[in-house]
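What follows is a single structure, and I will ask about it in a moment.
We just call them A, B, C and D in the order they show up, numbering each chain from 1.
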Amino acid sequence: MKAKVHVTLKPGVLDPQGKAIHHALGALGFQGVEEVRQGKVIELELAETDRARAEAALDEMCRKLLANTVIENYAIELTD
Amino acid sequence: MRSAVIVFPGSNREMDMVAALEQASGKKPALVFHKDTELPEVDLIVLPGGFSHGDYLRAGAMAARSPVMAEVRRRAEKGVPVLGVCNGFQILTEAGLLPGALMRNASLRFVCKNVTLRCENAQTLFTGAMEAGQRMTVPCAHMDGNYFADADTMKRLEDSGGIAFRYVDGEGRTTEEANPNGSLDNVAGVFNETKTVLGLMPHPEDATDPLHGGTDGRALFHGLAEALA
Amino acid sequence: MTDTTKTPGITPEIVAEHGLKPEEYRKVLEIMGREPNLVELGIFSVMWSEHCSYKSSKVWLKKLPTQGPQVICGPGENAGVVDIGDGMAAIFKIESHNHPSFIEPYQGAATGVGGILRDVFTMGARPIMNLNALRFGSPDHPKTRHLVSGVVAGIGGYGNCVGIPTVAGEVNFHPAYNGNILVNAMTVGLAPADRIFYSAAAGAGNPVVYVGSKTGRDGIHGATMASAEFGEDSEEKRPTVQVGDPFTEKLLIEACLELMATDAIVAIQDMGAAGLTSSSFEMASKGGVGVELDLDRVPLREEGMTPYEIMLSESQERMLMVIKPGREELTRGIFEKWDLDFAVIGRLTETGKMVLRWHGEVAGELPIDPLALASPEYDRPWTPTTPPPPLDPASLPERDPLEALETLIGCPDLASRRWIWEQYDHLVMGNTVVRPGADAGVVRLPAECGGGKKGLAAKVDCTPRYCLADPVQGGRQAVAEACRNLYAVGARPLAVTNNLNFGNPEKPEIMGQLVGCLQGMGEACRALGAPVVSGNVSLYNETEGKAILPTPTIGAIGLVEDVARIPGAGLAEAGLALVLLGRTRGELGQSLYLREIEGREEGAPPPVDLEAERAAGELLLALIAKGRVSACHDLSDGGLLVAAAEMALAGTVGCALDVPGETPKTAWLFGEDQGRYLLAVRDADAILSAAEAAGVPAVRVGETGGDALKLSDGSAISVASLRRAHEGWLPAYMAAELAAE
Amino acid sequence: MKAKVHVTLKPGVLDPQGKAIHHALGALGFQGVEEVRQGKVIELELAETDRARAEAALDEMCRKLLANTVIENYAIELTD
């Protein structure tokens, strides 16, 4: 089973990468960009075939490692 | 003062730290490998600088979950002092032993240079040999030293003497130019609630020798050695 | 590249695609006695590429001086080894990653650092410092910013993570590098002199062991690409770019050094260009043995990889070893402790052949010696460069020297490199006693080596514009300047490594540059007692037929007897005398002044008097040892006035300079005469008499003090304005990075 | 208009991050994880209201800045 974990910064947490990209896009002449945030996607391939069990495992992976819940939110997506 | 320095895969300033601890205490620290689950009886545990696990995913994230950290946490809860420098600071925040998080430097570039620190709380066992407001010049060398905590946490830190060091300029002002990485309120180091855990980004251990990085970092180690003798 | 191990019929197109000339292919047929299959052809092609075989430069490299009482191992191994006393050896080398860095600056530069680190720790050394020599195109070329930013971040990203201080380097900008930048990386390591590891395999039956990262489809044909001229279709030639993994490299260093403390290793070689092919071939050919590899056992990252891909992959962070029988489990234990791959992938034989097994069949079988020995060697036709006539300084217009200074000190080739070296961890390991920004980087050696007083100094240098005008003088100058930077920090030159970056050697004038530079280098190395112990050649640095400037980068190392005596780089005290060592004629040909202020690149470069270089250097060492020198800086780009300004900028006070009448003012202040140093001293008379006794011209030229740089005609410029110009340019240029794409 | 740009490493390109995460998940006791790759998501808020024009601008941003097309692929998604 394939899964994607999307990790994004919580609203209110400053995002140095997003800010730098925003600035750079402006410098490159792209107008009308109002906000930029950068996040991560972790794509996993799991041996598990049961969706519920896979989701539970992924949730635990996120809490234990993949996301830092002090500053990040995460979302799990099973892609097949 | 008996101390232990934890070696994670990718640690690279463990020997700098060993030299500084030995200079201050006259005793060789024990080196403990990240896969170990036991720690020797020590008065101080140190998490050194480096790029543990390459700092892939997030700086310090994987090291914070390594086997030895369970024991570090247990000791910290018992009140054994823990010092984390640079990557060590990142690991302590990732492990939840210190509040906040260390994000990518605002410049998005690695920065290695001397910075000036101001001691914000001299009433702890780490800062006993310093005066409040004392300034010291020590090098920093990091990619992810941009301290962030939410407003409540910042307030709590501020009110409880939880901020250990701030980046300041030559006149002691917390200016933007003095801040090498974009840290909130120029925070360079923080304590836990009981002031027994300290994390800071710059490297006092690289400022213990007049020929290498100056001697301003000695105060931290000498103060510790005295407090924990 | 499609491939099966079954011979698809080797067409002339396939041969050409592999970069082999028809006559080279005829030799292949002769050696094989049959048509090779694709795997075998691939192996020939990388082994005989310029990169691996040095076919154009070999005959000339042989003429370099490589011997000396300090030399433990000269060229031919992974790196050079020199004795530094107290039972310790310094192991060092420089290597280019030019083409990959142009294609993907971050990863290209990062993997360049990774590669040179492996060359050094393969021989048993713990790396203790890194250096880098960078050449970019014109600052206003649209690609330059992006390349600077990526290359610097890549060098830092790798070296910082591994935890080796980057202590010195050099950077030039010139339009000749617009389409072909140069990224040369150097590493210096330290090992016990009696525990050096070599690459010659020995002992039929001994296991061949693979350790490190898994093999993927990275950089297949990187070695042939590195030797092919860039054309318009280089975008299409892009192979899978190698991505560096510095974390794995760090583990690999620790694991290899741990294994090296045991008796398990017979021979060891990193997998660099042409990966498994060149490492296994070189180990077997050096040891005069055969080798059998079982490709099914090679740790693979991807499915469906073919023998061709496995043999030619340039995946990073891998090593090949021959170990003693019975040491497999010990070795496995160490590599597993460090979470690295370990596999016994073959064994040595007595057949003198390389046999590759795959899925129960023989995927390739090649004779080792005939292939290695028959690798082409060309004595290519060459035409010497005719040096231009000297430039008459009187032909230049009079200008305000301080205005010119302000321009020069902030010009791309002289502006501060702080923006670069602040991105490099130059302090990790706790022993950096001279940081970037001085003449040479210096790292203190451990206590067991000289009681903690000794230090190792290193610098990379080359002045390509001199090499273009007069390769022989340019070759001499590169060595002389590198060594001068060592003398200036109180280090005696020990040995050098070199990176020969040139255009297409099939053109006689380019070959002439190479020959001339090598001649000059050789002379200088002999005169200064610094033999060449390692190096790297990078040819075909051309874009659409236009070659780079000839750039023979020299990396020199030297020994400091007492790190506490190293003079400062900056003026830190008022009231000291400034003394100029060395003769000043006022050489403005090919000078930076001429180029930046007059917009001319003309004339003969300053001649290098090697005897005078040595005498001045030795005198300086003696003066430093006696503690007579407060601050010191060698004179190079921009001459006396720039050197004085740089010393003021590196310190806390200014200075006043006398301008004598005999030499034209511009020539006196900006001439780039060689073999000179500017010293700040307490007792000028003692220095002048010591210089006289040593036969070194010396003259008092001013004194320190104030917060400006003043000339005896009363003009002055504040150090603050010089600082603005000097520190301002690179950050401002890079801040506009993304705006200019 | 909101957009997401997904940037992933091209197949075959070494992914040290993914490799390290994979290893760390194993060390934490998560079994059956077969592959891990790490990518980026850049979320942008654009003033542009025309989908076609937004897509064209985003494509240019990707080629010029957001993706390193030597080693990365990108995909654009308009989310409202």
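Structural remarks
To be clear about the criterion, a residue touches a chain if its C-beta (ideal position, glycine included) is under 8 Å from a C-beta of that chain, and two chains touch if they have at least 3 such contacts.
Just so you know, these numbers come straight off a predicted model, no measurement behind them.
The most distant chain from subunit C, with centres taken as the mean of CA atoms, is A.
Comparing the chain pairs A-B and B-C, the larger number of C-beta pairs in contact belongs to B-C. Note: centroid distance subunit A to subunit B, computed from Cα atoms, is 28 Å. With centres defined as mean CA coordinates, subunit C is found 36 Å away from subunit B.
With centres set at the average Cα position, the gap from subunit A to subunit D is 10 Å.
Centroids of subunit A and subunit C (each the mean of its C-alpha atoms) stand 41 Å apart.
Across the assembly, subunit D contributes 16, 20-21, 24, 28, 38, 64-65 as residues in contact with two or more other chains.
Within subunit C, the positions touching two or more other chains are listed as 245, 247-248, 339, 738, 741.
Counting partner chains per residue, subunit B shows two or more touched chains at residues 53-54, 56-57, 62, 65.
Contact residues of subunit A toward subunit B in the complex are 12-14, 16-17, 19-20, 64-66, 68, 70-71. The touching residues of subunit D, when paired with subunit B in their complex, are 16-17, 20-21, 24, 27-28, 38. Partner subunit D is touched in their complex by these residues of subunit A: 6, 8, 18, 21, 24-25, 28, 30-48, 57, 60-61, 64-66. Of all residues in subunit B, those touching subunit D in their complex are 53-54, 56-57, 62, 65-66.
In the complex of the two chains, the subunit C residues touching subunit D come out as 103-104, 106-107, 213, 216-218, 238, 240-245, 247-248, 301-302, 315-316, 339, 738, 741.
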